[in-house]
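The structures considered in this document are given below.
Next, two complexes with chain A in common: one pairs it with chain B, the other with chain C.
Our next item is the complex of A and B:
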């Protein structure tokens, strides 16, 4: 009887585990099937010479090149703000905070993680309006506001993964460092953080993906349908998620919709590239930290 | 209370513990412990599992400070070359790293750091700011002392996690020896070793006794009889 239950349980677990990868595969195959015919230099660069576009000699008006660059810039900027803030907060929560403050901060980050991205976008828009009104009339929703709003969105992920990774380092390992004469700071940087580096960088990689795919936040804080490549962080910008949303809701003929699928493939490729770079960096850091 | 085989309880020892109590939260895990470990002697602590032998060792170098909700009261006096005769429980937190370098500890379960074999042994030296050829000589010497050099000399940059249980335990011992401590706290130092290696480590401890004061927790009665200059029973 027990063997039968175990067998049924195993089959149930197997189906549960296989469901998500199969769904992802079906989704990717569907997007590739629909979008592959649309992939061309024309989709990316329009009528502009690709070399001139890449050298930033000529603006691209009809292709998705500015949206690709915009996506890349907003992800890099948002991760730049979020990584130090998230990792330092996670370290504080795991290693330094007292129990009462920890409960309060835990609750705050959980709350922030549960805030819908459209609300964070609205917050970013409010900040932009406030700054425009009271600081400088030159400030509008822009790349900087978008990246900061996205950082607010992804910080809870980085905080949580950092905190959980540090909490996961065994007392045995922590005590090993202390017993060998390490101070609290030395133990943190030479023993605890290296032991948790896999988990922390894993969280950063997930956050990169989250920043690349979000549309609601950037929609209210600086992204537009046509802006070209931004000359500074105070300018409006284009982004692939918004382009896909815009074209799939406003398309006038079938070929425009197919362009949306083509852009989706490009977004997947950019996310894949960011993942690969993050993984490579992770391997380099881990090798440097562990020494083997 | 710790009872002793040898009744010599003069307070001129290297380590003198008087009226030590240890609590985890409200639970008292060690009560009114008194112990004297003479300089360049091997003091063995025996007792049933869970009686607080490891806790007692961790109290001596104040590692218990790093365990949440642990509290210590009483007196633990140690005679150290740099500090003289001092009560470790009254030491400032900033003095603890130095104290722990002088009072080395090997744990019951080998707690390897997630680094290479070389970096594990080099860790305390790096903490002390010692690098280069001098550090390498100390590392090689420590690894030879624990009979590990021949087994790892060709793969020093490999992960220490890949070592066997016995190799890890000897690596932990080498990692402490490299600090050249005055007092060595050993919690079941041969529990992961086969009989042949266990005997070799026992010989090493006998040899170390000439320079270092050892406090050893062991479950092996024969080993305790062979090694101990004084035996305390807990529980």
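Our next item is the complex of A and C:
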């Protein structure tokens, strides 16, 4: 009887261990297979001369270059907002907060991390409406609003990884600075933070990946299908994930669809690279902590 | 003296940043609440629970979206939990180290795959497959969305479960094994009692992700406003409903109602987190 259950369980575990990788592989390989013919400079730059496009001398109309630039800009901006907030909050949670306050802060960051991204997008939209009504009629959903909303999305990730990396620094390392007469802040910035920096960086890179792939937040806060490269943070912009979604729902012919597959490969490569870097950094941390 | 001042400034900066970051979530709640409060107080609950959405007839029922969310996220959670937990068990118990390492790596990699890429791929691969095997309809349905959504939430479930299984003390396992227990008995009498809370939290977090995800349901479920009667029906989730309302007029009723949807989703995530905190307090 016991053996029978064990055998069934074993078969079932093997079933999931085969099903899941196969399903993922099939979906990824399908994209690569379909999209590979589209991968060319033409996909990115259309009929425009790539050099002119890169120097911003000429607008690109046919290619996905504006979408790539838009994603790049919105991610850089959102990380710029999120890094100071996230890392400083992580430091506070790990090093300064008392137990009561810590419980409250833990709860609010857990809650923020679990708020669906579309709700964060909705929040960004209401902020834009609010500012439009009460501050300036010039403000509409735009690059700035999108980047702030994305920052809200990724702050909890950065907080958590910073906190965990700081908690992971050994007690003896933390005491070393004090024993030499350093103050708490000196010890923090010269001893504790440097020894946790790999973990913190890994967290930031994961957050960059999260910001680059998210579609729901930006689709409510200022991304559009055709905008060109934005001239200021108050303009609308294009982005890769939204482009992919837009093609999937609005494509008119085969070549547009092919561009969608090509764009999906490019987004997959960007997120894959970010993942690999974060993974390597994480392994560096593991090696540092366990000394092998 | 100057050093002291700089230290105080640094400490103040840390405290201010923390206060700002921690208050974001309250701002979100505040905004959602303010925008949807007038509706909640002036409208009868019954009107929200109307079974159709027809702005021209001034019917703004979100009941179909609630049911759609329930079906899609529920089915995805069931599939994702079963596959995810058993994958974690496989990595921990069954496999040789090479395969286990590959699977652990794959699960982490899956967490990095953009959901929109999953959706795009499934739209042109899985959806035609469902359309052809089940005959009529477009193939855009609850089943397609749930299957892909299960893959999206699987890394969350597997990584947390694996983490909790690995936390089971090795000497405890050894002690039970030395008493002659089979690996099944070790699983049932050591690992499950030790890790069940972690596994339940993993599934709850997975369910939270399933309810909160927008793109998969938006791209694969067809978005028809109707109360679905089978898993081959098209359905719309609360999240895709928010994504689809592109009202140019910010004062219109259909625009205001999406804040109620947002508030519902927010309350659901708050409830999830509270439940996890309470679960963490229970002694086994």
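General remarks:
By our rule, the second predicted complex is superposed on the first by the 237 of 292 C-alpha atoms of A that agree within 3 Å, B and C clash if a C-alpha of one lies under 4 Å from a C-alpha of the other, contacts with A are read in each partner's own complex, and residues count from 1 in each chain.
Note that a contact is a pair of C-beta atoms (placed from the backbone, for glycine too) under 8 Å apart; a residue touches a chain by one contact, two chains touch by 3 or more.
Please read all numbers here as calculations on a predicted model, not as lab measurements.
In the overlay built on the shared chain, the residue A:272 is in contact with chain C alone; chain B does not reach it. Chain A is touched at more residues by one of its partners, and among chain B and chain C that partner is C. Judged by the touch definition given at the top, the superposed model places A:244 against chain C, while chain B stays out of reach. With both structures placed on the common chain, the touch criterion links A:171 to chain B but leaves chain C unconnected. Judged by the touch definition given at the top, the superposed model places A:183 against both chain B and chain C. When both complexes are overlaid on chain A, the residue A:142 reaches neither chain B nor chain C. Once the two complexes are overlaid on the shared chain, A:79 sits clear of chain B and of chain C alike.
Contacts of A:112 after superposition: chain C is touched, whereas chain B is not reached. Touched by chain B in one complex and by chain C in the other are residues 183, 186 of chain A.
Against chain B, the residues of chain A that register as touching in their complex are 170-183, 186, 190-191, 194-195, 290-292. Of all the residues in chain B, the ones that touch chain A in their complex are 58, 61, 63, 66-67, 94, 96-98, 100-101, 104-105, 107, 109, 111-116, 118-119, 123-124, 126-128, 157-159, 172, 175-176, 179. Interface of chain A with chain C (complex): residues 2, 5-6, 9-10, 12-17, 19-21, 23-24, 26-28, 30-31, 34, 84-86, 88-89, 91-93, 96-97, 104-105, 107-112, 114-123, 126-127, 129-130, 152, 155, 159, 183-186, 189, 206, 209, 212-213, 215-216, 219-220, 241, 244-245, 247-249, 260-261, 264, 267-268, 271-272, 274-275, 279.
Contacts from chain C toward chain A in the complex involve residues 3, 6-7, 10-11, 13-15, 17-18, 20-28, 31-32, 35, 82-83, 86-87, 89-91, 93-95, 99, 103, 106, 108-110, 112-125, 148, 151, 154, 182-185, 187, 205, 208, 211-215, 218-219, 239, 242-243, 250, 258-259, 262, 265-266, 269-270, 272-273, 276-277.
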